[in-house]
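In the two complexes that follow, subunit A is the common piece, with subunit B as its partner first and subunit C second.
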Partner chain A sequence: MGDKLFSILVHLSVLVIALVFFAIVGDVAIKGFTAIQWDFIFTEPSRSGREGGVGPILVSTFLLLGICLSIVISLGLGTAIYLNEFTFHKSKFSKIIELSLDILAGVPSIVFGLFGNVLFCKILGLGFSILSGGLTLACMALPLFIRTAQSSLRGIPSEYRSGSKALGFSKATTLIKVTLPVAIPGIIAGLILSIGRAMAETAALIFTSGYVDRMPSSLLDSGRALSVHIYDLSMNISGGDLNAYRSAFLLIIGLLFINFSASTIIKKTLRVEN
Partner chain B sequence: MLKLLALVGFTLSLSQFSFSAEKLVLTGSSTVAPLLGEIAKRFEKSHNDVRVDVQTGGSSRGIADTRQGVADIGMVSRALKPSEKDLTAFTVAMDGIGMIVHSSNPIEKLTQEQILNIYKGKVKSWKNVGGPDKSVTVVNKAEGRSTLELFLKHFQLKPYEIKASVIIGDNEQGIKTVAGNPNAIGYVSIGAAEFSISQGVNIKLLPLNGIVSSTENVRNGRFPLSRPLNLVAKGEVSGLKKQFIEFAKSSEVSDLVRDQYFVSVEQ
Partner chain C sequence: MFPLSSENLLVASLKFCAGVCSGIVFLIILFVANEAIPSFTSPGFTAFFTDEAWYPTYNQFNLVPMIIGTLCLASGAVLLSAPLGILSALFCHFYGKGLTLKIYRRIIELLAGVPSVVFGFWGLMVLVPMIAKIAQPGASLLAGVLILFIMILPTMALTADVALEQVPKSLIQGSYALGYTKTRTLLSVVLPSAKSGLAVGFILQVGRALGETMAVLMVTGNVVQIPESVFNPIRALTSNIALEMAYAVDHHRSALFFTGLILILVVLALVLLSHSLQRTADGR
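Showing the complex of A and B:
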C-alpha cells in the first residue's frame, strides 16, 4: 500500500513539472511561431519594437554572451582547477573562497546590475556598453560555473590521479589527459546553466548594457539584450505583445541551439586532443 | 583553447572599431524612453555623425544621472520639484493618469473620497462603494515612479498610508495586472489604457472628479491628473544638446508622440 502511494506521488510530481514546462513552451511556441517570418530575425525594430524585427538585438545578445562565456570559461575553469587540484580542499583559504562563491551564487541579479553599473560603467568608464554588460554577466555566472565544475572535478576518484602520478606524468599532463576529460560532462552542465542564466538575465543588463536597440558598431556601444527587449515589450510597450512572444520564441530556440552546439563542440575538441 | 583565443581576439578587434561620432546619452523615465528612442532614431537620420543613446530606469534615475553628468539629458515624466530647480525642464509631450478597473466591474465612477479610502485600506470590499461583495485588489506603483508621485500628490496621500495588494513597475504591467484580476483597481497612463481598450483588453477607465479620462481631456487641460513628459538638462543648454531638445519639441516628431499614445504639445 505504502509503495503504491509513493509511486503515485512520484509520478504525479513528474506530471506536474512536465505540464508546467509544456504549458510555458507551448504558449510561447503557438503565439510566437504563428506569425514569425525570416524578416523578423534580420530587420531593425520600429515603433519601439511593436513592429519590425530584432536583428540588432540578436547581435547584441550574442556579443554579450560571447564576452560572458570567454571570461567564465577561462577564469572559472582556472579557479575550479585551482580549488580542486592545486590546493588542499580543506584549507582555510579554499574554504573562504568556496563560502564567498556560494554567497555570490545566491545574490539577486539586480545587485549584480547595480554593482556592474558602478564598477564597469562609472569607475572603469566603459559607460553603458556591451562590454560592461558582458562583464557583469560574467560576474553573475562565474560562481555557478565554478561550483559545478569544481564538484565534477571532485567526483573523480583520487586513484586516477595517483595512477597517473605513478606512471610519471606531470601535474599538467594528468590534468589535461586524465582529470579534465573525465570531468567534462559536469563542466558542460555548468556551462549550460551559465548560458541559461546569462541569456535569461534582464535586471543586471538594463543598467549595464542598456536599452539602445540600434545595431552595435563596437563593444563600447550600448546594446539591448533579447531578454530586456521581451521585458520591455510585454511590460512597458502597449501593443508590444505579439513581438514579445516572437522574441521569446527566438530566445528559447537560441537557448536550445547554443546548449546543443556547446556540448558537441566541447566533446569533439576533447576527443581530438586525446 | 585556440577557439578561446580567437574569441578574445575577435572581441578586441571589434572594440577597435568604435568610430568617433558625437554622442548624446539620455537616461530616465521608462514611460518616456520608448518615445525618445524613436525621436533619437529620426534625429540620427538627419545628423549623420551623431549617436543618441536612450537608456531607461525611472525618472529619479534620470534626475540623478543628469546631475552627475552620467547622462547629457534626463527624461522625467512629471514636473520638476522645487528641490530640482538646478535642472531645466523642456516639455515634449503630455500624459494623463487615469483610474482603471476590470471591464466586468459594474462600478462606473468613484468619488475622490472613495478612491482615497480604497487606497488607504479603509474600504476593503467593492460592496462598500456600490459594487459586488468582492474584496478589492489595490494595485500600486513602485517607489521612485513618477506616476506614483503624481497620484500621491493629487490625492494628498503619504506613501506609507497606502495599503497595496500588488506593487507594479511599468505601465503595461499595471494594465495586465488589472485585466487579469476582476477585483483589481489601479492607475496608469491614459493613452496606454485607451489603446489597450481599443485592442479589447479587459479594463475600463473611470472618470476622475466627474471628468472623463481621455487623451482629449488631457489635451484641452480639463483633466485634473495630468503630467508633462520632460527632458531635463543641467546648466546652460547649447550645441548638440540644444539641437536635440528643440528637435524633440518640434512638430517634426508629433506623429511619433501620438504613436506612443501621448498628447503632443504643438509649438
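Showing the complex of A and C:
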C-alpha cells in the first residue's frame, strides 16, 4: 500500500515537471512560430523593435559568441590540459585553481556585468562594446568548458599515455598525437555547452555590450544580444510582445539544438569508453 | 614536427593559462570591492541597515527590504524544488525505464538549458496574468518564487540524479534482502546514504537562486518593500543592480557595487561550505 502511494507520488512529480516543460516551451514555440516569417531573421528592427526583424541583433550575438569562444578555447583548453596532464591532482596549485573555478562558476551573472563594466568598459577603455561583452561572457563560460574538457581528458585510459611514453614520445608529442585526438569529442561538447551558456546570458551583457540595436560596424561598437532584445521588448517597449515572442522562439530553438547536440556527443563518447 | 623546441615552454604556457583562469575570480572580487569601498566611509556600513529607506537620490540606502526579498525568493524556490528534484532523481533510478526514462532525462536536460530571460518572459506573459486574477497586481513574490522554482528544478534534479548514482548497489540489495519494501529502501537506505551528495548539490542551487537576476526582475514587480503577503511585489538585490546601474553615480553606484560584493561573498561561503562537505563525505 505504502509502496503504491509513493510510486504514485514519484510519477506525479515527474508528470508535473514534464508538463511545465511543455507549457513553457510550447507556449513560446506556438506563439513565436505562428508569427514568424523568414524576413524576421534578416531585416533591421524598426520603432524600437516593435516592427521589423532582428538581423543586426543576430550579427551582434554571433560576434559576441565568437569573441567569447576564441578566449574560452585558448585559455580553457590550456588550463584543462595543465590540470589533467601536467600536474598532480593533489598539488596545492591545482587545488587552488579548482577551487577558484568552482567559485567562478557560482558568481551571479549580474556581478560579472559589474566586473566587466569596470574592467573592460572603464579601465581598459573599451566602452560599451561587443568586445567588452564577449570578454565578460568568456569569464562566465570558462569554468563550464574547463570542467567538461577536463572530464573528457580524464576519461582517457592511462595505458594510452604509458604506451606513448614507452615508445619514447615526449609529453608534448603524447599530448598532440595521442591524448588530444581521443579527447576531441568531449572538448567539442564542452565548447557547444559554453556557446549555450553564453547565448542564454542577459544580465552580464546589459552593462558591457549595451543596448544599441543597429548593425555593429566594428567590435568596438555597442551591440544588442538576442537575449537582451527579448528583455527590452517585453519590459520596456509597450507593444513589443509579438516580436519578443518571435525572438524568444529563435533563442529557444537555437539553444535546444545546441544542448541536444552537446548531450548527444557526450553520451556517444561515454558509450565508446565503456 | 612539434613547433616548440622545448617542453618547458609548453608547460609554462599551460601554467600561464591556468593562472589566468584562476586569477579571474580574484580580479572580480578585487574590482567589485574597490568600487564598493567608498560606500564604507560614506554613507557608512551601518547605513545600509539603518537608513530610513532606499531613496538613492536622497542618499538613503537601506538594503533590508531587498535582502529580505532576496531571501524569501531563494528559500521559497529551494524549498519547493528540493523535494521535487529528489523525487525526479528517484524516478530516474528506481521507477522509470526504457524509452520513457530516456525521453524524461532529455526533457530535464533541455529544461536546464532554457535561458533565464525566456523563463522571465513566460512568467510575465502567462504566470503574472494568472496570479493577477487571484490578487492584483500579479507581479509578486509568489510569481518570483514560482519562476525561480521552475528554473532551478532541472539542475536540482540533475545533481540529485548524480548523488543517487553514487549509492553502492550492494547497499540497496542488502536492504531488499532484509525484507524492506521498495519505499522503505528508498527512504531509509538510499536517501540517507546519498545525503552529503544531495546537500552539496542543494547548496550550489541556493547560490544560483540568490544570484538570479533576469527572471526575477521580470516577474516580481520591483517595488522596494518588505512583503506582507506572497501577492506583494518585491525587489531583489540583483534586480536592484540591473535596474539602477544605468544611471547610478557616486555613492549610489558604490552602494550597488556593495550589493554585488555581498552576493559574491555569499556565493564564496556557499562554495567553501560545499567543498568541506564534499571532503568530509570523501574522507568517510
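To be clear about the criterion, the second predicted complex is superposed on the first by the 229 of 274 C-alpha atoms of A that agree within 3 Å, B and C clash if a C-alpha of one lies under 4 Å from a C-alpha of the other, contacts with A are read in each partner's own complex, and residues count from 1 in each chain.
Going forward, contacts are C-beta pairs under 8 Å (C-beta built on N, C-alpha and C of every residue); 3 or more make two chains touch, one makes a residue touch a chain.
Because the structure is predicted, anything quoted here is derived from the model rather than measured.
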First (subunit B), second (subunit C), both or neither touched by A:Ser234: both
Partner chain in contact with A:Ser48 - subunit B first, subunit C second, else both or neither: first
First (subunit B), second (subunit C), both or neither touched by A:Ser222: first
Which of subunit B and subunit C A:Asp39 touches, first, second, both or neither: neither
Partner contacting more residues of subunit A (subunit B vs subunit C): C
Touched partner set for A:Gly66, first subunit B, second subunit C, both or neither: first
Partner chain in contact with A:Phe207 - subunit B first, subunit C second, else both or neither: both
Partner chain(s) touched by A:Phe128 [first = subunit B, second = subunit C, both, neither]: first
Subunit B versus subunit C as contact partner of A:Val20, first or second or both or neither: second
Set of subunit A residues, in rising order, touched by both subunit B and subunit C: 74, 206-207, 234-235
In the complex with subunit B, residue positions of subunit A that touch it: 47-49, 63, 66-67, 69-70, 73-74, 121-122, 127-128, 131, 206-207, 210-214, 217-222, 232, 234-240, 265, 269
Touching residues on subunit B, where the partner in the complex is subunit A: 3-4, 7-8, 10-11, 14-19, 25, 30-31, 33-35, 37-38, 41, 51, 53-57, 70, 169-173, 175-176, 191-192, 195-196, 199, 259-261
Of subunit A, residues touching subunit C in the complex: 2-3, 5-7, 9-11, 13-14, 16-18, 20-21, 23-25, 27-28, 74-79, 81-83, 86, 93-94, 96-97, 99-104, 106-115, 117-119, 123, 139, 142, 146, 170-173, 175-176, 196, 199-203, 206-207, 227-228, 230-231, 234-235, 241, 244-245, 248, 251-252, 255-256, 258-260, 263
In the complex, subunit C residues that touch subunit A: 1-2, 4, 7, 10-11, 13-18, 20-28, 31-32, 34-35, 84, 87-88, 90-91, 95-96, 104, 106-122, 124-126, 150, 153-154, 157, 181-184, 186-187, 204, 207-208, 210-214, 217-218, 238, 241-242, 245-246, 256-257, 260, 263-264, 267-268, 270-271, 275
